[in-house]
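Below you'll find the structures, each written out as C-alpha cells.
You will see chain A twice below: alongside chain B first, and alongside chain C after that.
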Partner chain A sequence: MDTITTVGTRGRVGEATPRIDGEPKVTGAFAYASDLHREGMLFGATLRSQVAYARIHSVDTSGAAATPGVVAVMLGSDVPGKNRFGLNFFDQPVLAEDVVRYSGEPIAILAASTPGIARQAIGRIAVELEELPGVYDMEKALAPDAPRLHEFGNVLRHVHIVHGEPDTAEADVWVDGYYETAMQDQAALGPEAGLAVPAEDGGVDLYVATQWLHVDREQIAPCLGLPEDKVRLHLAGVGGAFGSREDIHMQIHACMLALRTGRPVKFSYGREESFHGHVHRHPSRIWMRHGANRDGRLVTLDVRLMFDGGAYASSSPAVVGNAASMAAGPYEIPNVRIEGTVVYTNNPPCGAMRGFGAPQVCFAHEAQMDKLARALSLDPVELRLRNAVSTGSVLPTGQVVTGAAPVRELIERCVAIPLPEPEPDRGRDLMHYPGGAGNVTHGEGIRRGVGLAVGYKNVAFSEGFDDSATARVTLARTPDGPEAEIHTAAVEMGQGLYTFLTQVVRTELEIDRVELHAIDTLIGGAGSTSASRQSTMAGGAVQMACAAVREALYGRARARTASVPPGAELALGDGWVTCDGAPLVELGDLLDEPVSCEAVYHHRPTGNLDENGQGDIHVSFAFAAERAVVEVDEDLGLVRVLQVAAAIDVGRVLNPLGLTGQIEGATAQGLGLGLMEEVQLRDGVISNPSFTDYLIPTILDMPPVVSVAVEDPEPGAPYGLKGIGESPTIVATAAVVAALRDATGRELNRAPVTPDELVGLRGPATTSGPPPIPEVPGQKSVPFYFGMSSGQQKIM
Partner chain B sequence: MSYLRPTSWAEALAARAEYPEAVVVAGGTDVMVEINFGRLHPSALLDLSRVGELRALGREDGHVRVGSGVTYQSIMRDLPGELPGLAAAARTVGSPPIRNRGTIGGNLGSASPAGDCHPPLLACGAEVEIASVHTSRTTPVADFFVGPKRSVLGPDELIAAVWVPAATGPQTFSKVGSRNAMVIAICSFALALHPDVGRVGTGIGSAGPVPLRARAAEQFLEGHLGETGAWESRPRLGDAVVDEFARLVAGAAQPIDDVRGSADYRRHALGVVARRSLMWCWDEFRGGRP
Partner chain C sequence: MRVSLTVNGVDRVVDGVEEHESLLHLLREHLDLFGTKNACEQGECGSCSVYLDGVLVCSCLVAAGQAEGGTVTTVEGLSDDGILDPVQQAFIEAGAVQCGFCTPGFVLAAHDLLRHVPDPDDAQIREALSGNLCRCTGYQKIIDAVHRAAGR
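Coming up: the complex of A and B.
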C-alpha cells in the first residue's frame, strides 16, 4: 500500500537539511491521497445540499440505485453507529437526516464503479426540501427572534475576560475602532481524498490525508458502531492542510460504503467540493477601545469580538478562546475587558486555520496601535516598544509569560531591515508595477506605504488539553551500519516535520541512517499537526525515545564489557559507545537484537478560565513582527507589495531551509487575506468555490521576504524550539493592510481590502455598535452545559 | 466518447460537418476546465491541434492573417511589431503554460466577455474568417459576439483565422484584475490609433454581456483630432479632451456586480485606463515632441 517511508542520511538539529520528501514531491513520484489505488476499488460521491437551511421531507435514491455501475447508496438512516461527529462536540451529522443547516452539507453518498458514474448517479437522487428562514449574519444570530439552529440555541461559546479595573480606568487618549475580516479558505493544493478498505475482521483500514489520525478515529469508530481497534488509520500523502484537515470530511463516508459493499472505496474531492468539504477561517467583527496615557503607556482596553462559527461547532470554541485571550496583542495592559462570542449560523462551518483566531485580533489590535500612535503623535514603532510584553509580563488572563518573549528585539530587528531600494516611477518592467502583467500603469498614481505589525500565538493546545505525543525509536543493525526507525502518528503535511524528526535522531544517537515507519494508528497518538505544536511535541517524544534507546545501549555496553569503571561517563559518537571519551564498543556489536523504546511527551499542564476569564491557559507563546512595504495605484486601487521584512521568534533554528519556507509560506497566506482571499457568501451559499474566482497570491503577488530569526531558547522545550508555522501569517495580514492605510490615508478596516475601497468607491465597514452580550451558563462552550460530550477532551 | 483528430484543414471541416455534436478542442484550456467541472459532457471531441494550417501566420493587403490555432506565446513572440495591441493582450493571459496552449481561435470560440483577445481585435477592426465544408465567410469581430459565451458560429462551422489590419499607429491593452497575474479581467480596455485613416479604435472587455466598442468615445476623439488637425500637428492633448474620452469610454460599459468586482468600480477603472491608454498612445504618436 502507499506508505511514506524514507531514509535520510544527512543533517543534525540546526543544520540546513534538505527535505526527505522534497525530491519525490518535486519529481512527481510522491503519492498523494488522490493517487491512492486498489484493484477493484469503487469510487464514492457525495450529494450535498444546495441550500443553506431546509427541512428534508424525502430523499428518493431509486434513480441512483438503478444506475448501472452503482453498488450502494446510503443515507443518514444507514449510518451504522451514531449519526454525529465533531472535533469539540458531536453536533454534526455524518449525513443530514431531518434538517440541513448549511449549503454543502452531505445528504447522501454512493459508491460506483467509475467516478463518472458516481457523479452522474448523484444527480439522480431526488431530495424534497422545504427551505427555512436561516441566519446568515453573526450578529442577527443573537437576536431573540432569530431561528434557533440547535437545541442549545445559537451561542456556541462566550468568553468573558476581566483584568484590573477596565470599567473605571482613566486615560488621556482614547481610540475606538471597528474591524472585520472575511472567511478565508485554506486552499491546500491537494483536495480531500482517502481510501477505505474493508478488513477480514469486520473492521476497516482507512488511508487518508489528515492532520490527526487518532482524533479522526475517535470520531469515525462510534459512527461505524465499531470498537476503535477495528478502525485503523494510515496516513496517505498530504497535499497541504493549514487546518482544513483537522475535521472529518470523507473519512466516515468512505468507511460506511466500504463496509456496506465489502470493497475498497475511494473518495477524491475536486476543488469545488473541497470548498464545501472543509471548514474555513472564521469571519470576524471586532470592536476595540484603547485608552493610553500621554506618555504612550496603554492603560485600558475594551474588546467585543464576534466570530461566525457557521452551522456546526468544529473547533470554534477553542478558536474563540484563543482570539479572546490574545485580543490585546503582545502588549502589557493593566485593565482589560474582553467579550468574545462565537455563534452558530447557516453559513458553512468554520474551524481551524493557520493562526486559529489570532490573525483576526491581530488585524484589529495593530490597526488600533497605529491609530493610537497618531492620536499621541508618537512613532508607531516607539509606541509598540513601550508597551511590548517581555518575560514576566502579565496577560489579560492573568497568565504570566514565563517563557522567552523577545518582543522588543523582534520589533527592533524587523525595522532595522533595510527598506527596498527606491525605484524610478517610470520605465520599470511592467511586472514591477501595481497591476503587474495587466499593463495598467506606467508609474501613474503610485503611492508608497509602510506598515508594521506585531503579534503572537499560543504554542500547542490550551485550556487544559493534554495533547501528548507518542513516538517509538528502534535502532537496528543493517549491512549499511546502524539504522534507526521512527514510528509516530504525527502528520507531515508539507512543513518539514519528518525531516526534523530524523535530525533529532541523528543528533541524539550520533548515527546517520534514519528511516520513518509508515504513519498509522498502530502506535499511540501524536496529537494534531497544528497549533505550531508538532515539532515540540513529536520532536520531544522522539528525543525522549532516543534517550531511552541510549540508556538501553549503555546497559548493553556495560553488560558486555567488564571494563567499564563505575561512575564512568558513557556517550555515543560516530557509531560507537564511548567511555570517558574513548571508544568502548561499536554500536553494531550491541545490536544482535534491535533496541526499541517508546516515549510519550507531555507539555506542561494548563488550566481553564475562571468566571472572570483568568487562568493559566496557554503553554507558551511564539511572537512575530513584520513590516510590509507596498505601492498602491491610487486611481485603480491595485497593489504591489515590494517587500516584507520579518523578525520571527523561533526559540532555536532547527533547519534554516525549513524556517525560510515556513516564513515565506505563512507570509503569503497572510498577505492573501489582506489583499484578495475571501470566501464570498450569498444566503449562506459560496459564490466563488473555485480558484478562478477565489484568488490566492501568485508568485508575482509575493514580494521578497527578508527575514531574521531571533533565537531566544524556550525553557523546557526540546532544543529550546518554538513552532513558527503560524506566527508569520498572523502579522502579515495586519502589516500589509497597515501599509495600504499609510499609502492611501484611508481607514481600511476590513480584510481583504478591495480595489473599490482603495479608490474610495466603497467606504469602510460600518457598525451600529457592538451587539449585546449573550447570557451563558459559564466560560465553557454552551453545548457542554447541555450535557454534550466533547470530542477532543476524551482523547487527551 | 469518440475522439477525432484530423491532420488537415479539409479533414477538419469534413469532420465538423459529419459530427456537428462534437465539441471542438484547440488548446483545451477552456474545454478541459468545462469538462472537469462537469458542465460539458461531450459525446465526441474534435481536436484541431494537429491541423498545421491553423498555426500559420500570413500577410496580405496590410493585414495579418492569424490562424485560429496560433497560441498566445506565438502572438507575443511573432507579432509585437505588427499587432502590438493583440501582443500586449496575449502577454496578460494566464500563465506560461496557458499561453503555450491557449489559442486565439479558442478565445473567440468561448466568446467570453472577459476574453482578452477581444478588445484589441475590436479596436483594430479585425475580421473573423469562418468556414464550413461548403462555404467560407468573414465577420467583423464586432458582429461575432451575440451574447455572453455565444457567437454567430454555426454548428458546422470552424474558425479558420482572424484578419487583423497591421498597426499604423500606437496600440495598447490594459487589464484590471485584483491580482498581478493569472486573473480574469475585472475589466479591460484596448485602444488603437489609426493615423493613416484618421480613425480611433476601442475595445472594452468584461464590462458587458459581450465585448464592446466605445463608439461615442471613438467618434468624439476622431472628431476632435480631425477638426484640430492634430493628426498632422501632433500637439499635446488638453485635459478636457482626455477627460471627455475617458468619460465616454466609462459610459459605454454595461457592467454588473459580480464576485470579481462591482459595476461602479468597473466603470471607474475603465475611465482610468482609458485616460492612461490615450496618454500613452498619443505620447508615442507624438514621438517625443516637446
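Coming up: the complex of A and C.
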C-alpha cells in the first residue's frame, strides 16, 4: 500500500541534512493522500448545508440512490456508533440529523464509481430545511436573548486571570486600544483526502493525511461502533497542514462508506470543499489598556478578548487558554487582569492554526507597545528592551519562566540586521514599486515604514495535558552495514521532522543508514504534530529509544568479550563498540539478532489555572522578534514589503536549511494575515472559498527574509532544542502592520489591512466598548461542567 | 470519448474520457500519473503545470479533448531512470521542498524559465513563478534553487 518509507544516509544533529523525502517529492513519486488509489475503489462525496442555521425537516436520497454508479448513500441515522466527534468535546455530528449549525456542515455522504457521478448524485439529494435566526457576531452571542446554539448556551469557555493589583495600580501614562483580526485559512496546498479500505476482520484500514493518527482513531472508532484495534490508521503523504488537519474531516465518512459497501472508498476534497471541510484561525476582538511609569516600566494591563469559535468546539477551549495566558506578550507586568471568552456562533468552526491564539494577541500587544512608546516619547525598541521577560520572570499566570528566554538578545539581534538599501523614488524597475507590474506608480506618493514586533508561544500542550510520544528504534545487520529503523506515529507534514529523527539516530548510534518504518497506529501515539512540539517530543522519544539500544549493545558486547574491565567506559563509534576509546567489537558482530527498543517521552507535567487564573500551565516558551520594512502607495493603498528581518529563539540549530525554510514559510503566513488573508462571511456563509478570491502571498508578495537563529539551549529538552514552526508567524502579522502604521500614520487596528484603510476610505474598526464578562462555573470549558465527554483529554 | 496523445514519450490511447474532464483528470484518473497535482482547479496555483506541445500550461484549465494528438510532458517525464533533472536536483539541495505539494508545478515552471532565460535574476524568477502558489516555503529557497539550477 502507499505508505511512506524512506532511507537516509547522512547528517547528524546540527548538520545541514538533505530531506529524506526530497527525491520522491521532486519526481512526483511521493504519494499524497489525494494520490491514493486501489483497484475497484469508490469515490466519496459530501452534501453540505448551504445555510448556516436551520432545522432539517427531511432528506430525500432516492434520486441519488437511483443514479447509475451510486453504490451507497448514508445519513446521520446511518452512523453505526454515536453520531458525535470533536477534539476537546464530542459536540459535532458526523452527519447533521435535526439541525445544521454552520454553512458547510455535512448532511449526507455517498459513494459512486467515478468522482463525476458522485458529484452529480450529490445534487440529487433533496433536503427540506427551515432556516432559523442565527448568531453571526461573537459579541451578540453573549446577549441574553441570543439564540442558544447548544444546550449549555453559547459560552464555550471563559478564562479569568488576575495577577497583582490591577484594580488599584497607578500609572503615569495610559494607552487604550481596540484590535480585530480576521478569520484566516490554513490553505495547505494538499487538500483533505484519504482512502478507507474494509478489512476481513470487520474493521477498517484508513490511509489519511492528518496531524495526529491516534486522536483521529479515538474519535473515529466510537462513531463506527468498533473497538479501537479494528480501526487502523496509516499516514498518507501530507501536503501541508498548519493546524487544518488536527480535526476530523473525511475520516469517519470514508470509513462508514467502506464498511457499508465492502469496497475501498476515497475522498479527495476540491479547494472549495476544503474551505468548508476544516477549521480556521479564530477571528478576534481585543481591548487592551496599558499603564506605565514615566521611565518606561509597564505597571499594569487590562485585557478583554473575545474569539469566535464558530458552531462547534474543536480546540477552541485550548486556543483561548493560550491567547489569554499570553495576552501580555513577553513582557514583565506586575499587575494584570485578562478576561478571555470564546463563544459558539453559527460561523464555520474555528480551531488550530499555526500560532494557536498567539498571533491575535501579539497583534494587539505590539500595537499597544508602539502607542505607549509614542506616549512616553521613548524609542519603541528601548521600551521593549526595558520590559522584556528573561529567565526568572513571572508571567500573568504566576508561572515563572524557567527555561531560556533570550528576548533582549532577540530584539537587539533583530534590529541590528541591516535595513535594505534605500532605492531612489524615481526610475526603478517597475517591479520594485508597490503594485509592481501593474504600472500604477512611477514613484509618486510612496511612503516607507518600519515596524517591529516581539512575541512568544508555548511549546507543547498546556494546562495539564500529558501529550507523550512513543518511538521504537530497531538496529539490524544488513549487507550495507548496520541499519536502524524508526517506528513512530508522529506526522511529517513538510516541516522536516523525519529528516531530523534520522539525524537523532545517526547522532546517538554513530551509524549512517537510517530508515523510517511506515507511520501507523500499530505503535503507541506520538501526540499531535502541532504546538511546536514534535521535534521535542518525537525527537526525545527517538533519543531515549536509541539510548536503550546502546545499553543493549553494551550488554551484548560485555557478554561476548571477556576483556571489558569493570568500570571501563563503552561507547559507539564508526560502527564499533569501543572500550575506553579503543575498538572492542564491530556492531555487525553483535547483531545476529536485531536490537529493538521502545521508549516514551513525556514533557514535564503542567497544572491547571486556579480560580484567579494562576498556574504553572505551560511547558516552555519560544520567543521571536521580527522587523518589517514596507512601502505604501498613498494614493492607491498598494503595499510592497521590502524586507523582513527575523531573530528567532531556536534553542539549538538542528538542520540549518530546514530552520531557515521554516522561518521564511512561517513569516509568509503571518504576512498574509497582515495584508490579504481573510475568510469572508455573509450570514455565516463563506463568500470567498477559492484561491481566486482568498488570496495567499505569492512569490511577488514575499520579500527577502533575513534571519538570525539565536541559540540558547532549553534546559531539559533534547539537544536543547525549541520548536520554531510557529513563532515567526506570530510576530510577522504584527510587524508588517506596524510598518504600515509607520508609513501612513493611520491607526490600522484590524488585520488584514485593506487598501481602503491605507488611503483613508475606510476608518479603523470601531467598538462600543468591551462586552460584559459572562458568568461561568469555572476556568474550564463550560461543556465540561455539564458532564460532556471530552476527546483529547482522555487519551493523554 | 477517446483521446490519443503522447505522454512522457509514450503513445497512449485513453478510452472513456468524459467531455467535462480536464487534461489534469486525464493524467491523474485515467493514466495514474499522480505527480501532477490538483490544488485549486481554477488556474490559480500552478500545481497542475505540464508541458503541452512544448508550452507550459495549467492542465486543470485544458479540456482533455484539447490534448488530442498532443505531446505532454509531466514532472514524471523530467527525470530519466533515476537521473534527476538539474532543476529537480537544485530543489532538493536548496531546501526548496517542504511538503512538496507545490513542487512538481514549481519544478516545471522553473524548467520552462531556464529554457528561455538561462541565467535569470531575482526579478525574472519572481515574475516567471508568480503563477505558482507555495504555502510552506515563503519562496526564498525556491528562488535559490532556480539560481542553483541556472549554473548547470
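By our rule, the second predicted complex is superposed on the first by the 796 of 796 C-alpha atoms of A that agree within 3 Å, B and C clash if a C-alpha of one lies under 4 Å from a C-alpha of the other, contacts with A are read in each partner's own complex, and residues count from 1 in each chain.
Everything that follows uses one rule, which is that a contact is a pair of C-beta atoms (placed from the backbone, for glycine too) under 8 Å apart; a residue touches a chain by one contact, two chains touch by 3 or more.
The model shown is predicted, which means the values in this text are computed figures rather than measured ones.
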Which of chain B and chain C A:700 touches, first, second, both or neither: both
Touched partner set for A:444, first chain B, second chain C, both or neither: first
Partner chain in contact with A:638 - chain B first, chain C second, else both or neither: first
Which superposed partner A:187 touches (first chain B, second chain C, both, neither): second
Chain B or chain C, by number of chain A residues touched: C
Which of chain B and chain C A:680 touches, first, second, both or neither: first
Which superposed partner A:26 touches (first chain B, second chain C, both, neither): second
Contacts of A:78 with chain B and chain C, given as first, second, both or neither: neither
Which of chain B and chain C A:756 touches, first, second, both or neither: first
Partner chain(s) touched by A:431 [first = chain B, second = chain C, both, neither]: both
Overlapping contact positions on chain A, where the chain C interface meets the chain B interface: 270, 431, 437, 690, 692, 697-700
Residues of chain B that touch chain A when the two form their complex: 36-38, 88, 91-92, 95, 172-186, 188, 259-262, 264-265, 268-269, 272-273, 276, 280
Partner chain C, residues of chain A touching it in the complex: 18-19, 21-23, 25-32, 34-35, 37, 114-116, 186-191, 237-240, 242, 268, 270-271, 429, 431-432, 437, 493-496, 657-658, 660-661, 663-669, 690-692, 696-700, 702, 704-705
Chain A-facing residues of chain C, complex: 18, 20-21, 28-29, 32-42, 44-45, 47, 74-76, 78-79, 84, 88-89, 91-95, 97-104, 107, 123, 125-127, 129-130, 132-143
Residues of chain A that touch chain B when the two form their complex: 119, 270, 272, 431, 434-442, 444-445, 635-638, 640, 675-676, 680, 687-688, 690, 692-693, 695, 697-701, 754-756, 759, 761-762
